[in-house]
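After this come two complexes, each holding chain A, first together with chain B and then together with chain C.
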Partner chain A sequence: MSATTLPAPAMPTARLHLSYWLGAGALAVALILLLRLIGNEYGWYAGYFVLQYVVLAAAWNILGGYAGYVNFGAAGFMATGSYTTIVLYEALGLGVIPGILGAAVVAGLLGLGTGYLTLRLRGVYFSIATLSLSVVLQTIVVNWDYVGGSRGAYIIRPMEVPPFASYGEYIFVVMLVLAVIAVGIGRTVEFSRLGRGLQAIRDNERAAEAVGVPTLRLKLIATTLSGALMGVAGAPLPFYAGYLNPEGAFNLAYAVNAIAMPLIGGAGTWLGPVIGAVLLATLQQAATVTISSALNLWIVGWMLVIFVALFPRGILGWFRRR
Partner chain B sequence: MSGGILLRAERVGKRFGGFVALQDIDLELRAGERLGLIGPNGSGKSTFVNCISGDFAAHDGQVTLGGQKLDGLKPHRRARLGLARTFQLPQPFTSLTVLENVRVPLLFAGEAANATRRAMECLEQVELAAKADKLPRELTQVEQRRLELARAIALRPQLLIADEAMAGLSHAEVDQILALLRRLNAAGTAVIMIEHIMRAVTEFSERLIVFVAGRKIADGAPREVLALPEVEGAYLGRQ
Partner chain C sequence: MDPTVSLLLNGIVSGLLLGGLYAAAASGLAVSFGMLDIVNIAHPALMVAGGFAVILIGTALGLDPLLVAVLQAPVFYLLGTGIYRAYNHFFERRGDEALQGLAFFFGVMFIIEVGLVMLFGPEQRFLDPDYAFVTWRLGEIDVPLRMLAPALLAMAAIGALWLFLTRSFTGLAIAAVAQDPEALRLMAVDPVRIKRMAFGISVALAAVAGGALVVVQPIDPSSHHVFIGRVFAICIMGGMASLSGAVMAAFLFGVVENVTATFYGPSWSPAVAFGWLLLVLAVRPQGLFGRAA
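The block that comes next holds the complex of A and B.
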């Protein structure tokens, strides 16, 4: 989880933040216009696939990249988000936006609880604990009839949501907004006191305590924030697919990609997860269309091996080498 | 220089499994005092530091700083109460620059607004300002020790415990660190110096205590303590 710190930003932080939101907003609008120009319904779905990973990778990076705590349970958090949407839909008939808000709350609380129970564990023990959490959650969902058990649950989604031309476009734009927000949050963490504290924890937790960093509190904030955003990444999934089953929601690919994407792009930097997610998810989407989705994990595996060997600090780390 | 009681340790002890690393240590330290702590390898010096700093979740006895009980407080709380320590092996934040290393304590002590200025002041005090933008691994050994000190003094501690801050340094480098600790002490910080380099401890300390096998066997003026036969005995074969 190595990363190199950038020198303190030269620009005042307020302007730095404004430039991100303006830049990301402009990029988002350009992306929507481009896909409209292409005018293929499939474009929205492929775009969504990539963007959900941008959210997931940015979320994982907050704990794994900055603080160095490797969470193997990303699929569990993401599925928590997806199933929160299902429950809100089944119980109250709520749509995707309330689903996202609910997912943030539920997955955030799950992150807080997990953090409280596991953060005294260091290194690989923490990782194993998060992996088991995912397994336990899947077992619960499989046996929970209200959300369809192992058969899964269907969602009847609206045909279209004005002013969007199609539901595909709508759900894409929703995920695009989430991605801009998730990356923006990661970036804000990086340039804040919280981010510095997490980096100190990653480098040397004992020394961080010794100089007055409240390590447990910062780690709990990070697990909560990271968990909430991973839940958000999964929240629109039932509306995107129209259907959700445990096998899909807890897909191993989510857990593996959540780790691989930040590592390949450059963990511990706000842009690294974006680069990794766009690169890996696009490759996987292309492989799914041209060959088979069975290749996805195979691709990630090879990319990881290549990158760990050649660019141990990820793509960004390689550019910033000094 | 010296005022009221700053640190009081009463019957402090620590066991690792069945092994008694530290037993019945009583110590009173006045504000602004310069105390030397010596003892053979494995005599419990670092263990004592860790008891005071809160690195161990539990130990026997109790510790107060400025009248406040420290027992049960996490290290970061003790740091903010004015207790600073350096590690026997420097423990820098490896991915952060020298400047950021020193900014970290300030950010969490309500000094975020002028953290950069204050951190630079600390770096100037340890003559490391020119290396502010370097990474810790680009520093020499003595510079790493100075960074460790700069980070420790950023919070303007009432007490600094320097655990072998001079090990492995040359004669001239030892003098540099000594001068630094003296300046700090002159500004009011009490210092506990743990050191194997006798010249440094005797030059620096107003008072000397000696640990042997986890017990305090002597406490007094350096010259008198070093003349005690049991202290000499403890060091026979080492020097």
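The block that comes next holds the complex of A and C.
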């Protein structure tokens, strides 16, 4: 890609980026203070639930939203992250932060490998491969006694981590930082040459290829980045729950949410996945408390189908058109 | 006979019978995914839904599951035309198949699975006809009727489909719409109507495959997960739009998977499916029996 085909981003982006990080940081601090004021342990618990979906949706959006390649295997990538944490805990007794870093590496490599094998073909092959990848990873974990097999694995989490009042608060803050970073990465991708290249691929891959966009390389960067962030979304899960089994880690609900949230919020924009995740995850958290969990998943399925049919550009796209 | 050879022979025979079931599941997909280019991720979920309908009706009326499977096919045909109507109206017409259309079928798959959980609960269900416990012995080789009867039904259904596709005008039009919908329009045939019928047929085949599945094994709402990789792998291996290719790929697949299960343990058979799929995609994306594009 030469400078003549795609002009370098104009100067003000640097200031825009700075304002994002400052704004997101201020919002994060305000959120922590607010939840401290409420002072209920459930607040941290519910907040983590929503934020993990912000990370997952932002991760899916990098490949799905910008490049138009649909990853059905979000649950598989996320569980890869969770089980990396468990392996690091069992083998070396490492905590949540090294687990996150390890998860990013392992899930990123998984994304790179899957992408390398299937992305030279049509997009649907990638989608089908990611879906079956999820099934096969689950088979492997079920047969793998070291991480507990189908019985699941326990993690004894520390009672508290010093500056924080409780472990719930600590794990919430960890996820909050991850969410700010994940959305920030998505935003940086959107305004960078990588993002423009990916959008060119989505709109017309052959034309992009013809004008010299290195399509395969950009797609591989995107799958790696997206896979790594999905792994990151799942990495703290064993510490959050204290227990994890394959059925929970590979739950199809993660895969459907990872697709539904960006599409409902507005895929291909950095803010869309955030809107979708906050909306859908809050709805599900509220519905799980009040009605059955099967019914609330059913509602998510219907919302996905209805939104893609009636508002194909999501909530953001609908507002922008008006 | 040497026990290993006998084990291998039995593995091959029951693999062929298993392949019959896979052929039933994949032939519908060869019509929708292969010919119409509609990536119906929900196909295996529709098959499992068909299986649950068979159990429900078969238990209530005391009928044979395979008979119920055939009888319910027209209802699923109508369901399929309905799904295609929505798909065409909201996605295909707008050119949104790639992202939104895929997400639509994923949502449909999810709705079916969770809907089945809400209706029947997450536990396994079964309906065993009397012949499911009979096994014919041909020398050293066991032929369980539990596997043979569904495989024969599958072959009959695929045979009927093949006759329809090659002998009737509508069938030929379905083959034509896969190649050039515009040419069909010039012949005063509505390509959307043809595609709607074809998609209905593919869903009807999913329902028949569901009946076959019930005879072979107990099912639960998440049974379709392991079939997604299998049927798409078979369809791609078979060269997409080719019915005979899909059937041959299904038999091959059944044998490889079953022999692996015999010698290395059944818990590894889903890994075989995925390994094959990746291998085919990486080495021969046009399929084992397909022609190079």
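Methods note: the second predicted complex is superposed on the first by the 309 of 322 C-alpha atoms of A that agree within 3 Å, B and C clash if a C-alpha of one lies under 4 Å from a C-alpha of the other, contacts with A are read in each partner's own complex, and residues count from 1 in each chain.
The working rule: a contact is a pair of C-beta atoms (placed from the backbone, for glycine too) under 8 Å apart; a residue touches a chain by one contact, two chains touch by 3 or more.
Keep in mind it's a predicted model, so treat the numbers as computed, not measured.
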Kindly classify A:251 by the partners it touches after superposition: chain B alone (first), chain C alone (second), both, or neither? neither
Touch check for A:196: first (chain B), second (chain C), both, or neither? first
After the superposition on A, what does A:288 contact: first (chain B), second (chain C), both or neither? neither
What is the contact status of A:188 with respect to chain B (first) and chain C (second): first, second, both, or neither? neither
May I ask you to decide whether A:207 touches chain B, chain C, both, or neither, giving the answer as first, second, both or neither? first
Check the residue A:133 against both partner chains and state whether it touches chain B (first), chain C (second), both, or neither. second
Between chain B and chain C, which makes contact with more of the residues in chain A? C
Using the superposition on chain A as set up above, list the residues of chain A that contact both chain B and chain C. 202
Using the touch rule from the top, collect the residues of chain A that touch chain C in their complex. 64, 68, 70, 72, 117-118, 121, 123-125, 127-129, 131-133, 135-136, 139-140, 142-143, 202, 252, 255-256, 259-260, 263, 267, 294-295, 297-298, 300-302, 304-305, 308-310, 312
Give the list of chain B residues in touch with chain A in this complex. 53-55, 74-76, 79-80, 84-85, 87, 91-97, 99-100, 103-105, 107-109, 112, 116, 133, 135, 151-152, 154-155
Complex interface listing, chain A residues touching chain B: 2-5, 7-8, 193, 196-197, 199-200, 202-204, 206-216, 268
Tell me, which parts of chain C touch chain A in their complex? 39, 41, 86, 90-91, 94, 96, 98-100, 102-104, 106-108, 110-111, 113-115, 117-118, 222, 225-226, 228-229, 232-233, 236, 267-268, 270-271, 273-275, 277-278, 281-282, 285
